[in-house]
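Okay, so subunit A shows up in both of these, paired with subunit B first and subunit C after.
Now for the complex of A and B:
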């Protein structure tokens, strides 16, 4: 699951002209560690929804990879 | 190019649909019902017009009914024309809150929700999409009895300008097309005298042609307008 999320995250970073990252953990913070801004997070949301049919921002803000995993696995 | 258009069954929406189809693009059209005129367009451009019945007073099922079940996440969308609107006209002292709420749902809340999902669709496919909101000259000049209707369109103009600012850095554009008075069903309740008084306030002294509005919308959807965003484009026979 983390591998697939990493691919999605790097797709967003690449589309937005940012450098890819090599690894994520459940504790990785979307803004502070990965460097996403609000528009990056919007693209991340639609890519995760296309892959997992879950809108991670539907009922509040998510901050970490662990919180995304919780929503996907619910 | 795939363009989502609301209110396609009659009036201006029909003209917009025809202009887009003439361009060789596809229309994903929404209206409450199919009309004979729309069916004719569908027959004339086979495979280019997709249609569903949806009541835009339903603010809640936009995602499922329009984007998930009908358009589909896999479909690349390139534009959205927010054309459908309800006109609840009365003087302010007669304001009925239920009627006002219904109008806001159709004219403002559902279009804002559609904008949410069309931008998501643009992002998913890396499309520099174009959004056009139909506004009205009544926002800028004021007409007796139109204050409530005009307020919905003023809301859209503000929403459009801020959409442009918020999403411009990924190439997504949003503009308002400010139409003057046209001969459509929406203005059919006006008397000839009322219409003439409205036309006297225009430079051209006549009604706005639907095709002129429709062709301007096609321009705003096209690559030719790639540097135009956050604007109010007046197609109003020179209303002053």
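Now for the complex of A and C:
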């Protein structure tokens, strides 16, 4: 699951001309560690929704990879 | 020493004394202002006011192509002129500076660009009167969190509100969430004006920020859930939802999503066929707007008539509002259509929980080697970032409408 999320995250990063990252953990913070801004977070929601059929931001802001996993696994 | 501006992105703190020194030592003036540095932009606006020279504000991320089509130039070095001070010799103090600004400015004009409804962005020019009409007089102890692009109308209005009252400005735009919260706490920010998207992403899980007295938001739908959460974190803040446009600036304010037309402007605002119209006397000077009433393209639902109360429903035209930025799909389609190997394209929006709407794109290609990376690289040189589609799909034929409804 983490690997698949990493691919999605790196797609979003490279779409903005940002460098890909090599690993994520449950504690990785989307904005502080990965460096996502609102445009990136918006794209992330679309890509995760396409892959898992879940809108991760539907009921409030999600900050970490662990929180995304919780939403997907629900 | 009173702080004029703090910028954690540019790692600078500018005191009023420094600002005044910089203004006194400015020997050159250029009527075009394009800079990544907010202080450079603020200083240029103040200098233009002192010299009563007009100023054209350009977004820092405009591409050369965009600059050429908007202004006819992509390089502005030749517009630099020596400064001629006629109105004042030397600024002595903050009070003197603000006096000079208040007592001048009849000739002064500022021009900015907004997403046009017909294709390319359009030019809107404001006078000192039209830009400062809604500046409220407050005490100089207010501290403003600056959460907009300074070359857009909302940013300009916050700048004028703060500057004309001698308030401190703290940059929040472009900072990571943790740093924004730290700046609010450390500098005792009292006022924040920001888009709902900015505020949604700002919301911490917990914590109290009692210094904030007022939060103003607008530019897109301000959902009640965000308002509720904001009230918890900022217990002392009065939260206001405003309606503003580049052409008219701030016009209406509400505490929820229902706007009331105040008696003082009721002659200048009307609703026709469900669309909000604004009288030209409330407007800046737009090159595309010469009729008496300006059609905003915003469709409203009238709730009451005495006084008029209404709620915004949607937009009449196809402009996409993404995180408070308005994008004209036709403009983006026109740029993509130029790419060799593209035979057809459609830009549409999809509802998105972060930005309100997200820009998506479907491309029919005639050259099988055309790929997403190539298209993105090309678009980065042609369009401002917020206009570039976040989702690009290659299709055999266009299947969706602009509102994102997929024809199955």
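Throughout what follows, the second predicted complex is superposed on the first by the 74 of 74 C-alpha atoms of A that agree within 3 Å, B and C clash if a C-alpha of one lies under 4 Å from a C-alpha of the other, contacts with A are read in each partner's own complex, and residues count from 1 in each chain.
One rule holds in what follows: a residue touches a chain if its C-beta (ideal position, glycine included) is under 8 Å from a C-beta of that chain, and two chains touch if they have at least 3 such contacts.
Fair warning: this is a prediction, and the values are worked out from it, not measured in the lab.
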Room on subunit A for both subunit B and subunit C (clash or fit): clash
Determine, under the contact definition given at the top, whether A:57 touches first (subunit B), second (subunit C), both, or neither. second
Would you sort A:28 into first (subunit B), second (subunit C), both or neither based on which partner it touches? neither
Tell me which of subunit B and subunit C touches more residues of subunit A. C
With the two structures laid over each other on chain A, which partner does A:41 touch: subunit B (first), subunit C (second), both, or neither? second
Given 116-124, 134-142 or 368-376, which part of subunit C has C-alpha atoms clashing with subunit B after the fit on chain A? 116-124
List the residues of subunit A that touch subunit B in one complex and subunit C in the other. 15, 39, 42-43, 45-47
Which positions of subunit B touch subunit A when the two form their complex? 73, 119-121, 123-124, 126, 167, 169-170
Partner subunit B, residues of subunit A touching it in the complex: 15, 39, 42-43, 45-47, 49-50
Show me the residue ranges of subunit A that touch subunit C in the complex, using the header's touch definition. 14-17, 31-32, 38-39, 41-43, 45-47, 55-58, 60-61, 63
Of all residues in subunit C, those that touch subunit A in their complex: 176-178, 197-198, 200-201, 203, 205, 225, 229, 322-323, 350, 352-355, 358, 360, 372-373, 376, 380, 385-386, 390-391
